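Each structure below is given as structure tokens.
Both of the next two complexes hold chain A, though its partner changes from chain B to chain C.
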Partner chain A sequence: MLNRIETIMAQAKDLNTHRIQNNTITIEVAYISSLCDESKVSDFILVPFLKDELEFQKNISLNPNFIVLTDTAKWSETLLRGFVLVQLEGTVYTLDAARVIRNENPQTQVETAIMGSQVSLSEDLIDSINIIRSRYPSPELAIEERTVGNCSRTRVSIIFDSRRVDPSVLTEVRDKIMNLEVDFLQAPGQLERLISSRKRSLFPTMMITERPDRVTSSLQAGKVILLVQGSGFALILPATFYDFMHAVDDEYDSFWMTRFLITLRYIGVILTILLPSLYIAVVSYNPELFRVQLAFSIAGSRSAVPYPSFIEVMIMLFMIESLIEASVRLPKYIGSTATTVGGLILGQAAQQAGLVSSIMIIVTSVVAISNFVVPVNNMSTAIRFLKYPLIIPAIFFGLAGVAVGIFIYIVYLADLRSFGKPYFRFIGPTKRHSGDIGQVDQA
Partner chain B sequence: MSRYFYYHIVLVSLLNLMLFVPHILIRYRYQGAVTSMALAVVIGTAMTFMYTYIMGKFPGLGMPEILDKFLPKMVVKPIMVFMAAMWIIGPSIALVSYAVLINRFINPDTSPVMVLILLSGVCIYAATRSTLTLAFLVEMGMLINFPIILFILLKAVRSDAINWDAIRTVANYWTQMPNLQSVGAASYIFTGYVSFAIYNRLMPPNIRIRHRWIIPISGSAILLLTFFVPIGFHGTEAVENYLYVWSVTADSLMMNYGFIERVIFMFLIMYLNLTLIYTASGWHQAIEFLKALSNSYKPSVDDVPMKRNGFIYSTVIALLTVIYLYYVNEKTTFAISGYWLSFRMFIEIGTVVTMFIFARKGTNSS
Partner chain C sequence: MRLKGAAVVLSLLLMSTALSGCGFKDIDKRFFVVAMGIDLPDEGKGFKVTLRLAVPSPKTEPGSAMSQIETIQSQTIAEAVRLAKSHVDKELDFGHCKIFVLGEKLIKQGYNDVLEWVTRRRDVQSVSYFAIGRPDAATIVKVQPPTERYPGNALFLAFGTDGTESSYSMTAYAFDFGRRAEEQGLDPVLPLIRKEKAMENYYITRIALLDKSKMVMLLTPQETQLYNQIANHFGKSTVRSKVDNNNMVIAANSVRSHYDIVSGENGTHTLRLKLRVSGIIEEAPPGVYDQDWGKLEAGFSEQTAAEIKTMLEKIQKAGVDPFGFGLRYRATHAGSPKTWEAWQQIYPELQFDIRVKIHIEGTGLVR
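So, the complex of A and B:
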């Protein structure tokens, strides 16, 4: 039995197999240690077997917890549910010893969903694998373990569905992790920066998530998951730009509303990147862009402001960024005070003092709010930066400069690859027989 | 993956405005522009169909590799340089005329040379990416810009300001004989297929371009819009006075609802994107042709071989473009554009026919 299980689940490192012997008989025991409560295994099997007070054979047949399993095809499935398999004289018994993580596990906090899973990945590798395995009961789920960091010796698990995974991606990940030169590894974000091909990328090419449902649906889509011991976040790769724009509830909620929300997120991203530079371009170069009434009201609201528009924009962006940064760093209980005070000052006093125009206040708040509609945090942070480089061409070239800046971003996105996969590409319905571009490579 | 083929076709056909095609056609509106357009549809469609046949015969091969198969190296190299030159001129004219356009319509205070330096800097960056990146760039650019351009075109056609009598008057000159410049200009609409001199490297072996009947229909539609809509707006005589006739036409349109009232701003920004994409893709092909001169060059789809050479070539191209703008005025640019369009037509016919012969020979021998 053991050989057979080992061949079925060859890639599962957490599979435990024992062949033990007492005075009279030999038994074979197999279980997945991460899914099982090992004290149960010893209480029910190992101790009674070794003590041998009551004949073990009789013990097993009397104890209702042991159930005979005749179908050999169900072995891996039962093992994956946290059962122990015991073979005694050619008969296989199962014993439920599952250890399922319950409420003591952390709740999702960074990437929340109303109707999705409320449990997040655990900081403990074994618990996280337990959560993933219990949601993805498939014998194809392969788990490999590596150690990264000369000093920290951090355990990193590579999890994938061996039937669906893209082999080229998997090889690249293995190579990269194997060749990592780092002393201390603590977080998946750090790992992401280390293994991505561009060290100073503007956009994340791997997704960081704490949601087990996102992890399992990515596994099912053939992606590779990296877990780092000591962090409750998983790294999903490869990823495309569009993946970052989808929240997990997009699959759970009403169809039309979620499609609408996805559109809203894209609009939000465009606004948060463009508005500051557009404000500069419109106020300083092309007020005739807008209809007359709007152009007048913008000019009117700026009448008290004594300096050029880009200084105004820089002041406000500085204020809003420090506000966001402060509310992240401050302890939870003071955090709300900071936002209230900051919001009041930004909203009322700055405008009345003639430091900034009232339109600029609206621009700033739209920029800040629409930045946070991006569901995945590492993309949201990346997008937060994108508005700054655009300010420079807006100062020197106005509207045309902004358009050129956006063009550069699009070129950059089109040039990004996530583990050899295109990052920013419109994937429409492709018929299987028609082939894809870029497959024939002579190099 | 036929869509990648159509992106180039549509991109080039929309970009005709930047190469003064409408103005050339309008200048000959009483001397055979209408018949020239009809002739150009026939020529352009025939060329495109022949070229798709050639592409199917050489999957995954660019033009340098195909020529290498059939001709000795000494003959291929001059052809490469010549092709690269052809690929530089068109996009560079578009870029130069766009820099001037920005100066005329968006920022009258910024000098066109400064704007051109910015634009060509961006194009250097974009053109030195890998071929696959350029394909994605063209795709995204078309998906973002095309709907808005379509909206503007529809708005123009459905506008009340259009004078259908003027259009009818000009259309009545359909009995005139076609002339060379108009045919050259009009056939430019169909010339998107030549991009596949390089982009064919991306095509999978079993490529079949579907729905090819779209090409003559969309081409003629764009040609008719390009030619007749300005005439409808400005009248049969006044229309000749504008060099950037479509920008003025777009400025005649108004959007009554929303923040932006004047259509011209949307129009200019959309065409800025299209021009940048077109120039990046054109320069990229020129660079690839020049790189193929070296014997050690190995074409690659997703890597950029000989990166440094690519940068040097594109910087030289950009410098030439800026110097050109500095010394040459719009009138000369317009004249050059007219000659280049007709010259280009003959070169393309020659190239396609030669390649077609090669394709036939290649299949017979194998």
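So, the complex of A and C:
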């Protein structure tokens, strides 16, 4: 066995192969030292073997951690997952001794909630499942595992509540994962793009979250969760547009304030999508829409601006988008400098230099801020894009163009399906078994 | 292939930025007309159109309102407006023209041409106000009150419910004016704006009654207030009476009115109008609290009823119907041309039965 392994993995310096002998028998041990916890190797194999208090052969067959591996083709794959191979009298056993480096005690960072769970899912699959299982102590919780990626061999777990899950969704997910053709899979976002039916969708049809409470409440609602080894985010499907607008806090905090916040989020989304195009349409086509005061003060502050309104909008949107992008990319320590420089100084200076009007500064900041009231990050990114296509009809057709643009968006949303389930469905909840999408229904 | 398609789309987009055609006109390239005055020309035929154009400024401070006045004379209003465009450097926009002032001489001759132009032009708002200017519209449009924060503000606030709400003026919207000019049995009413000599201010205290083509009569301020109370149930108004040589005034809190047209024997018709006003005494001689309120109320009611009756008879004599009595008659009778003909017979002979009930809620003092 050792010779074969050494030929397969000749380049691996961290491959450890031992042939050891005690009074009675000889065993062969192979493992990759960088992937394995060496204390486990010695505790389970080397020490019992050398002490030989219990006959080692018996020991191996009694200990359920040792699993017989008959397929020789799987040797290298098993080794690469952090298993130890032990050959004893012609039979090859495997022992899981994987040591995974990950963030300890992961804290929620992307989707924070004031009074919700502060612990997020872990980058390790087993830990994540541990977190989920401890919050969802139900015998119905089913966990399936698949391997995706010709090269990365990434483990993907499919988790669902077998009693509540919608079978049609489950079958579709299984099929899609089975038929994936991809070399490298690293993140749930990538998986989402691979398995969604529209490859260039404007809206995410699956939710990506790091919050275990969101995961468990979705499980309870009959949804399917996908976990990817190496990423602390879970993929929840199917999803509706409505789900993306709800923060987990909405179930924890004061009733009226959370309802108000939900309304605020919808208004925020509408504003962030519409304001730039509305600004163009109203300033250049229908200034009678403003009150007189506003019309005059906009006209006054715009009189110094040499370019038409859409150039002005494009300048400001370019600036704000680069600012957001820069603050994501910059190291945390310089991040705040970028926002100060960009937001305060550049905005003020641009207006004083007569490049943009003062109203445009307000429009830009409203657009930027209200974009981030969306609680789920992948939706917020999707919405960030939506304002751009609307600018074009606004330039050519004014308010009527914007109205048509909104109509197109609504039609698109209504046409969208998430794993066969209507995406833009606001009214719920319906019964889980009626074949419709399962929504969180608190009895 | 794909790259080619993207290139085509991109080049189309780039080219189209040069095409930002006819409708596209930035707000700072527009001249907002804030008030428009229409008069008869000093000599010859046609119209004299006076436009007050706002000069926008980012600051809005009292007295900082700047405007430019353009006066053009032409055969028609439409031509006058086109001519005005050649006088200014930016595109004229009537989207914020909230007030149209018609000269007194013009309205005495006929207003239908003006109304046609206003209702047909698309950037004129239906919610803009109409008024009559005395001595002429140009004078009113040219007034620049020193307190204005932005051009036209003083006139805008004088009408509508944003600023002052006076019981001596009323708001005539373009849509309502147009409707009243067409409707059988309901005649237009417009407020009259005066300018005192050497004062940069407006005075709006009277309303003018119009028939289907021109102005017929003017109401006095007192009658204007009565009109507002009956037709618009205008609450912020007063009722006055004279008791024992003492003037007493009630500030109305609520005004309700109701009328029926009752047909009597041998073909006579009576309009039975009920007006109920309740309010607090605002001006009275001392010691009014201890007087008999019932008696005071009766005195108020009697005098008001007499005033109303005089006013209604005056209006009847002028042959106009600003309250819409005729419309009420048509609405409650068979919808045929005959009904309208019948009403035209009835109205000049109509009797008035006015019942006013004034209720004193308090004396305005805590005793």
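Operating definition for what follows: the second predicted complex is superposed on the first by the 322 of 443 C-alpha atoms of A that agree within 3 Å, B and C clash if a C-alpha of one lies under 4 Å from a C-alpha of the other, contacts with A are read in each partner's own complex, and residues count from 1 in each chain.
Assume contacts are C-beta pairs under 8 Å (C-beta built on N, C-alpha and C of every residue); 3 or more make two chains touch, one makes a residue touch a chain.
Keep in mind the model is a prediction, meaning the values are calculated, not measured.
Between chain B and chain C, B touches the greater number of residues of chain A. Residue contacts after overlaying the shared chain place A:S42 against neither chain B nor chain C.
Of the two partner chains placed by the overlay, only chain C lies in contact with A:P308; chain B stays clear of it. Residue contacts after overlaying the shared chain place A:R425 against chain B, while chain C stays out of touching range. In the superposed model, A:I408 lies in contact with chain B only, and not with chain C. Look at A:G398: by the touch rule set out above, it reaches both chain B and chain C.
Contact with both chain B and chain C is seen for A:E288 once the two complexes are overlaid on the shared chain.
Of the two partner chains, neither chain B nor chain C is touched by A:T339.
Across the superposed pair, chain B and chain C both touch chain A at residues 285-286, 288, 292, 397-398. Taken together, the chain B residues at the contact with chain A in this complex read 1-4, 59-60, 102, 106-107, 110, 114-115, 118-119, 122, 125-126, 129-130, 132-137, 139-141, 143-144, 201-208, 259-262, 265, 269, 272-273, 276-277, 280, 298-303, 305.
Touching chain B in their complex are the following residues of chain A: 285-286, 288-292, 294, 393, 397-401, 403-404, 407-408, 410-411, 413-415, 417, 420, 422, 424-426, 428, 430, 433-443.
On the chain C side of its complex with chain A, the touching residues are 13, 16-17, 19-21, 23-28, 30, 32, 34, 54, 56-60, 93, 95-96, 98, 123, 125, 149-153, 156. Per the touch definition, chain A reaches chain C in the complex via residues 283-288, 292-293, 295-303, 305, 308-310, 358, 392, 395-398.
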